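Consider the two complexes below, in which chain A is the common component and chain B and chain C are the respective partners.
And now, the complex of A and B:
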């Protein structure tokens, strides 16, 4: 069963909205009732990552191009693993310093897979979109890793900009470019 | 608020499709770029009020 392109586009729009919600929840400054900056512990984000992963896996069933099947499977793996770890952190059942790196590394991994997608199929429809989205994820993930490494307490993380641009690009992807 | 404004402008420029009043139709109604951006905006606004 192969999905019509409009359904593929709808899937991308939904995943883009999930991603936008995830990064805004994680990276927008949140001020607690005591007036201090607080980190969001909403378990919805873990769920959103895993739902995104399940959506990417579903593409393996519906795709008709072998590299699309493989890459969406790997995207699904990354998102599910990140979602499980984020859910554990946000529920407070597993607290480790390295969990801070989970989301930026997942973002970097997803960005790298976009570049692989373009390398495998440079002439494919939507190749320019895929390249732009991959670069935005790579830049956003790298900026977040650097921010964690340097413990810089900026009010709004720099990585938020390319990541929000990525999310809006996925939400805005034209029907013809969705693959 | 920025997201909600973006959604309104986007909806005005792109237009919104309306589908049948069935579960799938409601899903399609909601799964349109401006509506999705508005939904995320509402959620972020709600979250900021709750914190």
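And now, the complex of A and C:
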């Protein structure tokens, strides 16, 4: 089976919407029952990352060229590993202090892979879009890492803006490609 | 900063998603991808075609279009290609019956991106996988990747089925609630599934590399779809990738949701063993008919259950760390006795299916010693024979003593030795899978 381009575009919309949902769930300020800011313990983000990883692996299988296979296989691994760790942490079966850094590092890693994608195929379709999306993820991941490292008590989600912009870009990129 | 309750946050998130999904585009495009061909991938045509037609999803540069059509003997049949927009027509010289390999390289007219690929079709004959290009070596030993897939199936399939059929009933028979703790079993299964998924991925690429031709740099830009669609290795890769992802999701679910652990791990184990069919499907026995294919699969299943069961037995103590020493000892003894009851059946199935496959693949008895395939087969059978000798020692010396109430703790070392012997035998089986059978 060869996926038509319109199906690939629809996949982008779905992934963009999914990403938007999980970062809003994760980073919008949440007030706990005690009235203090709390961090989401929803397993949604863990499963969403796993589904994203499965989607990336599906792209590996259906990719038309080898470099897309290689890149998406790294992407799939990153998302699956991050999803498994987040799910285990949120379910309370595996809790370590360093797990706080898993999500920002996964976002950072995805941003780096976007940049690599553009480097491998600089004349490919929508290279400038991919570059912008990679930079948004890098900025979002870095800001969240900084927040965790130096402003742990702060509830201000510094990375939310670039990450939301990334989600909208994922959804909008097929529009730009078609115009 | 004002915060929101969970319900408000979800309503807002959902509204954003719905709004985002309303931004519907009309189309998108990419570099030159081969969409259809005449003859198409894997087709069988009655008579030799006088031309080949390739249709791409976008225009290609006429002066840079390259197409090669090789006969089974390696003779070139293609004349200069004619390009009209996105359609490439290649006049062909006449050739014999057999499987033809088409290898192409195109440059997209809009962005100049180079793509290439290969596929095969048959003239009054079943097409086989595209033949490797001359002088192109394989950068990684494919035997290693097949071996890693065998190990992955044994760890994820054999070890988890052992847990469902041996450990669980043993725990219940000892009058304790629930299965064993599961940490080690989940870890082993996860390692196995991840190993097998990645080995399958790289095995597919390593197999495709010499088919596409050119250097590694060219291969990175090669179009891979026809090889995935027209070869059993490609079809097995497609099936096994999704199935291994499902296995990984089940294992992660078992880790995160302890209440459903046993059911999820059982499902993961069963699915892992089902995936092993892809290894038989992509191997030599497939060419020998359905019975030979099923025999090869049964051979592989028996080996996976044997190896995986032994690994699970050796690591059982780590799996039940939360229990007291005497409880661990009693559980280990119970599992050893239960496994020893089914192990002879596994060994018998392994041997019978193996003999059937050997008879089906080898053309004569003499080819056992006169062909590379036969010699590797002898080495593999020898390794299994040594492992079976050790298994017999366990069955007829250790198990009766354990049944009589003696401690079985000391047997773990010889069980581990049996695992290593079987791993060596699986390595030889992997070499065998990549060795052409004698004709």
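Details
In this text, the second predicted complex is superposed on the first by the 170 of 179 C-alpha atoms of A that agree within 3 Å, B and C clash if a C-alpha of one lies under 4 Å from a C-alpha of the other, contacts with A are read in each partner's own complex, and residues count from 1 in each chain.
In the analysis below, contacts are C-beta pairs under 8 Å (C-beta built on N, C-alpha and C of every residue); 3 or more make two chains touch, one makes a residue touch a chain.
Because the structure is predicted, anything quoted here is derived from the model rather than measured.
Judged by the touch definition given at the top, the superposed model places A:66 against chain C, while chain B stays out of reach.
In the superposition on chain A, A:172 contacts both chain B and chain C. Residue contacts after overlaying the shared chain place A:16 against chain B and chain C alike. Among chain B and chain C, the chain that touches a larger number of residues in chain A is C. Of the two partner chains, neither chain B nor chain C is touched by A:106. Of the two partner chains, chain C is the only one touched by A:57; chain B is not. Of the two partner chains placed by superposition, A:138 touches none, neither chain B nor chain C. When both complexes are aligned on chain A by C-alpha atoms, chain A residues 13-14, 16-17, 20-21, 24-25, 28, 30-31, 42, 168, 171-172 touch chain B in the first and chain C in the second. Those residues of chain B lying in contact with chain A across their complex are 28, 31-33, 36-37, 39-40, 43-44, 47-48, 51. Only residues 10, 13-14, 16-17, 20-21, 24-25, 28, 30-33, 38, 40, 42, 168, 171-172 of chain A touch chain B when the two sit together in their complex. On the chain A side of its complex with chain C, the touching residues are 1-2, 5-6, 8-9, 13-14, 16-18, 20-21, 24-25, 28-31, 37, 42-43, 46, 50, 53-54, 57-58, 60-61, 63-67, 69-70, 73, 80, 83-84, 87-88, 90-91, 93-94, 120-121, 123-125, 155-156, 167-168, 171-172, 174-175, 177-178. By the touch criterion given at the top, residues 1-6, 9-10, 12-14, 16-17, 20-21, 23-31, 33, 35, 57, 111-113, 115, 197-198, 201, 205, 208, 219-225, 228-229, 237-238, 241-242, 245, 248-249, 252, 255-258 of chain C touch chain A in their complex.
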